[in-house]
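Next up, some structures in structure tokens.
Common to both upcoming complexes is chain A, partnered first by chain B, then by chain C.
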Partner chain A sequence: MAKLEVKNLSMSYDGKNKILEDLSLSIQDGELVSILGPSGCGKTTTLRIIAGLLKQTDGEIIVGEKNISNLPVHKREFGMVFQSYALFPHLSVFNNVAFGLKMRKLDKKQIQEKVENVLSVTGLSDLAKRFPAELSGGQQQRVSLARALVINPQVLLLDEPLSNLDAKLRVEMREEIRRLQQELKMTAIFVTHDQEECFAISDKVAVMNRGRVEQFDTPQAIYQEPKTLFVAKFIGFENFIKVVGYDGEAYLTESNIKLAAQAKENTRYLTIRPRQIKIIETANDSENVVKGRIINRTYLGNSYRYTVKTSLGVLKVDDFEHDVLSRDEDVILELAVKNLLPLEN
Partner chain B sequence: MRKRSAILLLLPAFVGVLIFTFYPLIQIIIPTLNQSSDYGKLYLEFLKSSYNQTVIFRTLAIALFTTLVVLVLGLPLAIWIARQDEKVRKLLSVIILFPMLTNAVIRNFAWIIILGKNGVFNDLLLKLHLISAPITILYTNAAIVIGSAYLFLPIMVTSLVGSITELNIETEEAAAVLGAGAMTNLFKVIIPQLTTGILTGCILVFAGTMTAYTTPQLLGGNRHLVMATLIYQQAMTLGDWTNASVVAIILIILSVVIMFAINKLMKKLDRRKVNA
Partner chain C sequence: MLDRKNKPLLIFGLVVMFIILVPLVLVVITSFGNQPTISLPIKGFTFEWYKNILQQPDFVDGFKMSLFVALIASFSALLIGIPAVYALTRYNLQHAEWFQSFFLSPTLIPEIVVGFALYQTAVISFKLPLLISLLVGHFLLCLPYVIRLVSASMLILDPHIEEAAWVSGCTKGQAFFLVVLPNIKASVIAAFMMCFINSFNNIPISLFLNGPALNMLPTAILNYLQNNYDPTVSAISVVLMIFTAVMMWVVEKFLGVNKLVK
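The block that comes next holds the complex of A and B.
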């Protein structure tokens, strides 16, 4: 268990196409950090470089005080959980878990003790003699986790460990992973493309896009204040208003409308969640009010989703309060200053 | 209904196997049956002869050695081929089969040229000063092993490449992360997962070598008979069809027993990956 530092990591197979570009991350002792991003963004590559399964083109990896950038994979003392679980099919659950300890040449008694201990922590004691093919997906995942934990790794690496499980089990397992990680005070990196999953278990989240970290922050900060267009889109914002300038008080949109929002450099877009746009009765003289016409309506259960055509473009609005409005009705929308977020490109 | 049509569809194959496999077998047994009423004695007498014992032992030893050589050479080659891109892998899998496309006689003549007293191999050893005078390789058991290994390597490699490409490469990565170096990984993770492929390859090579005729005939000469060449000698040179039948039946029984044993072993090892 230690602090993990990734400095200026670059990765390229052919020298031209960069898979990772100048990527840096700093993970504190005992922290669980998620790397979140769409497929192909380089998140798995990052994890594999940290594990030592891939060699970086450039950059450093530091664990505790030790630079391990050039250490071969089998000397890095990490634990890793794979998407396919990667259990050894020819070994029993017990021997799967004992594998790492045998590599460390522990004596039989110690191995027995440690394996039994971790099997009981992960709820696998009854399955010790089974073979992987005789286990359910969830049980295999537990074995995979136990096998990684038993060696008491410096850092626990999890590569989309839940993506092969069904929805209910996924929630159960992620809570289990979080519980174990906190109990053992383990530094961990969790790679996923599922934002709900990563928000639920992480101390911090690194959102990746095209080989770069777009934002590295707490889940709350990322959810409430995405910094870039990509992050906002990825975590579910749907309204994006392009801006072309800032006059000291308000942003000027493409359609020449002024919108007041928090001032920030390099702002290219403003965004607001559909449920934070208010439908108001009369246009008062407050700021950020725009007229529009409903062009579509969808029932979402606890609200109605209106698609409203306005001079700012088409906006999605979720309304919980009003009676149901119908298509072609004219409405007045208020985009409250505090809810309108500036985004970089 | 369905079952009946399945039986009907299987009938031609069944009859084919019956005629082409079992009829010749019966034909082989007939000479020993005609010869004497006490045919058990024929076998006992044959097995008592120390010359025949040597031939049987040589046959088994050559088959075993060839299998081991082919396995040791074939495994690294198969791993290397299996780990190439799909395109390269397919190309290599075809290239590896090339020895099997040439005629057995021609193939063995090539080995005669290579292994002879003035052959390429002796030349090379002399030039490297590893030996001072040419050594005899041709017409020894070693020559038979070399020729058989060359013939059966493609079969072993093909059998192994299939198994290796089916391995989950993440198991090796998992082992590496857990501290296994390349060699540990090979012996503790890769090979144990390949038991089925290895044993299948071994059965094919062993049975093939044990029953091969051309290679031991051409590379072993008349002084290093194996059972297959002994059968030929008995039947064609000495005209003793009864004895030839006896050898043939012993050869068949030996092959079947060994294959059953390996099969049994395979099933035992396979139990560990039910439904895998």
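The block that comes next holds the complex of A and C.
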């Protein structure tokens, strides 16, 4: 249990391609931070470097006040849950969990006590004598979690721990992980490429792309105010309007239209969610109004998705207020200033 | 009730068993026969030939020597082979497959050639003691079994379980003994058995590296047969069968279930 700081981490497997570049994260004591990103962006690499299973090319890792950048893996005292669980096949559930305590040379009574305690917390008491091959996926996952928790680690590392489970179990297990993490007040890093999963359980989310952290924020902030084009795309924004300048009041789009939005440096795109674009009856004097023609319509259950061709480009609009509109109808769209978000590249 | 389709299979199985077992049974029977040559059917029953084994110093000394060589060769093959397999499967060695072929190459060369080559190089050119050359020969005979059998089980072992052990506080050495070895134990035992049996029964290599004080049991039997055709040979064969079976049972019993685990 400690604050974890990752400073300017760089990593290259072959000395040429940089897999991680100047990656920094600061995780407070007792926080659960998710690393979210597409496949191959370097999530596992980051986690393995923090665990000590890989050596960084450059950068520092600090736990509490201690610089552990060069500490070998077996001295780091972290708990880790592997994607494949990696239980010891030749040991019973009890001995799998007791393994780390035996390495720390605790006496028998203490080991018994601690293992029983963590087994009951993870709901495994009845399975203590079983072997990994005799457990279901969810149970193995729990053993793996119990094994990581029992040593009372300074930091708990989880690499896509839920990816082998079915949808229902995933939801149950992620809530259990969150509950245990909060109960034991553990500092934790949770790697995933599932957006919903990470929003549901994290205090903070680091969105990664190509070895860099694009945004490190609370789930709410990331959802409501993505900072970059990549983050916005990754969490489901669909309308992107390229801008070329800012005249002090409004942004200027490629097609020379003025759009008012919050001023921010380095803005390259404006974005807005499909359901925040309003279809209005008559063009008024207010800002950010644009004419367009419907080129496609899809039924989404509680709304209609219109694809509208405008002078700003093709926009996706979700509408659940109006009567059904049909193809080739002309519409007027309003992109409210407060909903139009500036994005960096 | 037997499934009709399985009947031919069953018959086939029985025929094969018969072909394998009949010579063994015949050897056992002839070892008790009281005629001075190996013949069937036996006319009377005697333990004479078993007693005769102990009166042949070649057999007694050969047994001791073969046992000694087989044990040393098997253990050294395990000692060298297991780390080699570990390196081949766990580290991204360049040209790993070359090493693999190199380690397996003794299987490709007829043993008689290995024996002759060792005699030529080790004994004639390098003037190594005969015993050392013999041990090297048997070691080379054993190594491929270790490489083959152990790498098969090493490859299916999830490399993450070792990492889990390191994270739990094991040094790499501890992790090897506490996590890797127990999980490849079955193949190590199998490799030991293959090594031991093959070394103990080997003739081609021992033939070339034979010497006055270096008398191996299989070659001693061969020599004996050239001058005598009495049932002593059957008797010693029976003794060897029993010895090998007991030895395997002991290994399995004391190293097999649960022993390496704890």
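Going forward, the second predicted complex is superposed on the first by the 345 of 345 C-alpha atoms of A that agree within 3 Å, B and C clash if a C-alpha of one lies under 4 Å from a C-alpha of the other, contacts with A are read in each partner's own complex, and residues count from 1 in each chain.
Following the convention adopted for this analysis, contacts are C-beta pairs under 8 Å (C-beta built on N, C-alpha and C of every residue); 3 or more make two chains touch, one makes a residue touch a chain.
Computed from a prediction, not measured in an experiment: that's the story for all the values here.
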Simultaneous placement of chain C and chain B on chain A, clash or fit: clash
Touched partner set for A:F131, first chain B, second chain C, both or neither: first
Partner chain in contact with A:Y223 - chain B first, chain C second, else both or neither: neither
Touching partner for A:P89 - first (chain B), second (chain C), both, neither: both
Residue contacts with chain A in the superposition, chain B compared against chain C: B
First (chain B), second (chain C), both or neither touched by A:G100: both
Residues of chain A that lie at the interface with chain B and also at the interface with chain C: 51-53, 73-80, 82, 84, 86-91, 99-100, 103-104, 147, 151
Complex contacts: residues of chain B adjacent to chain A: 168, 170-171, 173-181, 184, 188-189, 192-193, 195, 272-276
Contact footprint of chain C on chain A as seen in their complex: 51-53, 73-80, 82, 84, 86-91, 99-100, 103-104, 147, 151
Footprint of chain A on chain C - complex, ascending: 158, 160-161, 163-171, 174, 178-179, 182-183, 261
Residue numbers on chain A that touch chain B, as the complex places them: 51-53, 73-80, 82-84, 86-91, 99-100, 103-104, 131-134, 144, 147, 151, 157
